[in-house]
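As structure tokens, here come the structures.
Common to both upcoming complexes is chain A, partnered first by chain B, then by chain C.
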Partner chain A sequence: MPSPDTSQDIATLYRFLAQCMHYPDSDWMNEDFLNVFYNLLGTLGGIEEGVEIRKSINNAEDYLEDLQVEYTRLFINGVPHVVAPPYGSVYMDKSLQGTFAGNTLAFYREKGFAMDQNADLPDHLIHELEFLSLLAEENDSAGEKEFLKKLFRPWYTQFHARVTKEAHHPYFRVVVMLIDFFTKEEDEDGFQPNEA
Partner chain B sequence: MQYGMIIDLERCVGCHACTIACRAEWEVPVPYQRNWVKRLGPTMTDDGMASTYYPGLCNHCDKPPCVDECPADTVEMTFTDYKSGKTKTMEVAATWKDPFDGSVQVDKERCLGCGACADACPYGARYVNPDLADDDSEGKVDKCTYCKPRVEAGLIPACVQTCITDARIFGDLSDPNSEVSKYVKKGAKGLEVKGGHLGPNSRYFGNKKDMGLLFADYTPEMADMGSVKRRAMMASMVKPAMKKAKDIGLLGLAGAMLVKGLSDNEDSK
Partner chain C sequence: MAFNLTRRKFLQTASLAAAAVPLSKVVSASTGVTKAPLDAKGTNGDKTVVGGICEMCFWRCQLVGKVRDGRLMKLEGNPKSIDNGTAICARGNAGVKLLYDVDRLKYPMKNVGKRGEPKWKRISWKEALDECGSKLKSTVDKYGAQGICVFPHGSSAKYPMHYFERAVGTHNVSEASFFQCRGIRDTAYVATIGKAPGEKIDMPNTKVLFFIGDHLGENVHVSHIKAYIQGLQNGAKLIVADPRFSASAAKADIWVQIKPGTDTAYILAIMNYLVKNNKYDKKFVEEHTDGFEEFSAAISEWSLEKAAKECDIPAEQIKEVAEMLAANAPNVAIHPGRHVSWYGNDFQRQRALACLTGILGAYYVKGGWVPSKGPKVGGVSWAKEDHGHKYNLNFDHHEDEKVHPFNPPGTPTELIRDCAISGKPYPIKSCVVWGQNPMQTIPGQEKMKDLFRAMDFVMCVDVMPTDVTMWADILLPEASYLERYDYIKKGTQWDLSKEHQQYISARIPFIPAMFERKDQIYITNEIAKRMGHEAKIPVKTIEEMVDKSLATANLSIEKLKAEDGIHIQPGKDPYGIPEDFEVLLYNEDIEDAGHPGAPTYKPVEQPPKGFARLLYGRAPVHTFNRSQNNVWLKNAMPDNPVWLNDQVAANLGLIDGDVVGFVNSEGVESRTTTTVKVTPGIRKDCVYMYHGYGSANPLLTIGVGAGVDDQSLITKLAVDPETGCNGMRNNFVKLIKDGKVLDIPA
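For the complex of A and B:
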């Protein structure tokens, strides 16, 4: 089990990733945010990805509008159809708000959480990341592991693949890559628990 | 050579002089510690009433699990045996097991401060010292070094020197004639992890009931590094970036979509 300090660090990172997936609005998507984002990428050896995003943003007439248009196309409404709805049920039940969303909500409740009335559907990517952040804050690494395995990774891998393939703006490709990297289980990648 | 330390529980009086000497010698900030003394019992055991102490420190294990966890880039490092002058070059990350004296050491210059090694230590013998934070990290890992700088200057470890009852004995476990080896022959044992083979080199000697109590209470399990490992490491690495995110108020925006405790009310409706 990670130490309580480490657990708080994990909670903060989940929360930051949730923020990255919000609709790009000027109240948070600004130079300050981007500097933190580049800094984060730099720490993780993603300088090239950072440069690519920086280029797109510097070359844009209105980078915020570009991001908003792309966010809408990818996650909200696109022609002929939205590319990658950020809801688990869409991938698991082939419909919005299916039993998978119900199972997700049941898991939140089991852990003592409920949806706020202004919230989106329970299986929205942002809420799932927030939930993981809350579990990490409570140092519930067993709960975190179970949620990731049963309710997050099964759909996220498909969502991730779609965004990676279809996104026109590097920002979204990089954000979904970060989330993927951070939520992957070690055994999927050949990382083995210490055998000593 | 393999340095080791014997703690003779028959002599230890639990005075904490060793913990204070260590803190003073190496400026270990509260609440962290490189060594500790815990009181055990009095408790009735199968062998009778037992009451003793657990003076703990880094075990400078034969197979230290902490060393493998270090994610820092490896560098080629040449080690010199301060006694014979022999050298050996090895690829090491920011922590390693010394090829000559067997002690486990840290390069604080290259330490990322991620704390992965501290999480891996089943004995809790490492800590991230926030006093050593720099631009790239929130602190550096620190631990017992078996007082390497003192030993190489011809002294003995600070905790050993200060012990009022000579309960701590330091020496070379690979020398069969050393005081520590004699204790091992008499039955001094290390706190080996459950089902593991780390080979702890700080060992305990005492009567059957006290040893039984110590081993029953403080035999550790291997730290479960499993799936949390990389997340923990990654989170620690990006801590400075996340601190900036907090500073500019970014992390207050997300959240509040999930509320703690409402479900109970809903259920009772």
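For the complex of A and C:
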């Protein structure tokens, strides 16, 4: 079990990952955020990825609009079709609000959590990351592990693959890679295979 | 691409602590998942919600929803319903899949690409409404209210339609349900009996059902089908005129395999036979009709033989039909039809049906045309205002008369499109599309695109990304019928011979609107505020609108909920003819307006050599394009095979299941292909397919490109002169197999 301090840091990390998946808006998607994002990438040895994103942002006439258009296309409604709706049920039940969403909500409840009135659907990627953050805050690493295994990874791998393949903007490719990195199972030796 | 350390290593080292501090400064404080009391395992919050009213089609059956944990699990007919009862159709069941369709519109979006080739960007409601309001106001300021055209459809479009017509003041509103569907029927019957007929024939209690092209069974509306089946079970004879062996033809006692476009000649010959042989209802004609002499003289040329030749059917069969009707009159049900915008000669055919009902004395009698006596519930909407005729495109100012004198409400579509594209007689520069998909409801897709290209601004409101939404500058997501209050459904028990009862129900949502979808009252009012009409807003919320309407019947939303969603009260006997009821067999006003005052047959163009006429109709599990993306319904009927006569198929070397495309007589090719259904059940001179397939918008990930879009092949635009409505069955096609165009043998 991680120390309470580590758990708090992990909780912060999940919250940050959830933040990365919000619709890009000038309220939060700004220089401060991007600098923190680049620093995290640097800490992980992802300098090249950071450079690619920075280049894309610096070369854009309106980088925020580019990110908004790309977010809309990838996750909301896109031409030729929405690439990767960020809801577990879409992958597990081929529909919004399928049984999988119900199971996700039930898991939240069993752990003493519920959806806020203004929240998106329970199996939205952002909320699942928020939930993982809340579990980490409570130092419930068993719950975190169970949730990742049963209700997160089964669909996230498909989502991740779609975004990786279809994203035009490097920001989203890197964000889903980060989320993958921090939610992926590792073997006993802590070895994480390099898929590249 | 991968990071150069492991997750575990990162989490175990000081790196995490170092990284976490700055991370915490850039995340938002609130979360969508919050602390709550612990909950026991197992299902939670199962309930049956009452008050739903379906909108998978216009029939609008009464529903209950099975809801678990805020998720709609299943739809069923409301057990209290005296209309559809516990039954709902395949489409009704599949409403769940519409609700949770991932392709549905979720947030307001702005097109930052080209119109017609959109690049969508999610925007806030404020930005969307500001843009809609300012663009529409700018159009009005620069060009006048007439500078806006509106294409509305469905129950949610009524309130915004009234806003643009009444408060803003544009005449340029065109509803597909009128101008490409039933408007002709309604105005023809109004010109004959003073009322729109609906589908108000007393089928359960009739002795003979008479259908012209109606294909009940493929055309499924629950209580209508119940009434139809009850009639057949009670022993009613069924006469079906259709070039195709439809679901109704399959149950018919007499199937009249009529040549397309000649229906009016057939009806005139039946009426002429009845008149000439004194087999009409003389008492009814004397007491309740006007113009019999002119009428009988006008139709006198239509001998059985002449009609037989024109309609390509046996004279003896026409006589058999006429005799069957006469022998069972007045208890005969002449179905007025619904989608009747076929050939551009349709007003006269619909008049003929109304007159046939009249000379058989089949109004207000058991088994005839009988309007049920439903409850009265008042409506609430924008106050009517007189905006004059100056900018009414359907008004000829030189002649001081209407261009199409018997038009249904609104302005004929072609008049709007011609004006918008040419800029004459005045500019139309903004377009509002609300719940309609003009790309697939209105013939002439290129012309529709030209209209959009001519606009300064286009906004669409819909639940799904239908083909037309590709042409929007601003696209607004509307709450679906399962997520909003609105429509008030009222009526009586479906079998008029049973205990007379009336019902009133109102649409009540099963779940709150998901994402950022909004209802029509919110959207319209917010636009109205931005256009300077805040003082005229009649209701603040959709709940207020429904409650104000229900109050006129001493009801409320809460009372309806307490009554399981449906209020039932004693009804009234609908039989018995009103004293002042009159059938205008000959209508002088029609004659004065320059059209035949008695029902008259106008021949239509025949297929050129090598072509077959393209016919289309309803599929039992789809409501045209609206349900194409529904995965359950898609699986039930994935495409629309083209019906091809077996002898024609043999000559062409085609077999069942061959894949074909189409080219029409104007050289337009279908974008997609479909399969061939080889059958003796269709005439050689026509082909048939279900309407509404082959969507072009890739945002419909299920429906895009599935089957062939018949509307894309309907490029010759016929207009019914009396009404201004379109005729859509005057287009001719050849098949394309493996890139080779096949001539249809004569």
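Note that the second predicted complex is superposed on the first by the 188 of 196 C-alpha atoms of A that agree within 3 Å, B and C clash if a C-alpha of one lies under 4 Å from a C-alpha of the other, contacts with A are read in each partner's own complex, and residues count from 1 in each chain.
In this section, a residue touches a chain if its C-beta (ideal position, glycine included) is under 8 Å from a C-beta of that chain, and two chains touch if they have at least 3 such contacts.
Predicted, not measured: the structure shown is a model, and the values here were computed from it.
Q: Overlay done on chain A, so just call it for chain B and chain C: clash or fit.
A: clash
Q: Who does A:G46 touch here: chain B (first), chain C (second), both, or neither?
A: The answer is second: A:G46 touches chain C but not chain B.
Q: Touch check for A:A18: first (chain B), second (chain C), both, or neither?
A: Touch status of A:A18: both partners.
Q: What is the contact status of A:S26 with respect to chain B (first) and chain C (second): first, second, both, or neither?
A: neither
Q: For A:G78, is the partner it touches chain B (first), chain C (second), both, or none of the two (neither)?
A: Only chain C; A:G78 stays clear of chain B.
Q: A:N59 contacts which: chain B (first), chain C (second), both, neither?
A: So A:N59 meets neither chain B nor chain C here.
Q: Could you say whether A:K145 touches chain B, chain C, both of them, or neither, answering first, second, both or neither?
A: Touch status of A:K145: first partner only.
Q: Jot down the residues of chain A that show up as touching in both complexes, chain B in one and chain C in the other.
A: 2, 5-6, 9-10, 12-13, 15-16, 18-19, 22, 28, 32-33, 36, 39-40, 43-44, 108-109, 112-116, 118-120, 126-127, 130-131, 133-134, 181-182, 184, 186, 191, 194, 196
Q: Give every residue of chain C touching chain A within the complex, in rising order.
A: It is residues 1-12, 15-20, 22-28, 30-39, 41-42, 44, 68-69, 71-72, 97, 99-103, 105-107, 109, 112, 117-122, 465, 514-515, 631, 698-699, 701, 704 of chain C that touch chain A.
Q: For chain A, which residues count as touching chain C in their complex?
A: So the residues of chain A touching chain C come out as 2, 5-6, 8-10, 12-13, 15-16, 18-19, 22-23, 28, 32-33, 36, 39-40, 43-46, 48-49, 65, 68-69, 71-73, 76-82, 85, 87, 90, 94-98, 101-102, 105-106, 108-110, 112-116, 118-122, 124, 126-127, 130-131, 133-134, 177, 181-182, 184, 186, 190-192, 194-196.
Q: For the complex, give me every residue of chain B touching chain A.
A: Touch residues, chain B against chain A: 63, 65, 68-69, 115, 118-120, 128, 196-198, 222-232, 234-242, 244-246, 248, 250-251, 253-264, 266.
Q: Quick check on the complex: what are the chain A residues that touch chain B?
A: On the chain A side, the touching residues are 1-3, 5-7, 9-10, 12-13, 15-16, 18-19, 22, 27-28, 32-33, 35-36, 39-40, 43-44, 108-109, 112-116, 118-120, 126-127, 130-131, 133-134, 141, 144-145, 148, 181-187, 191, 193-194, 196.
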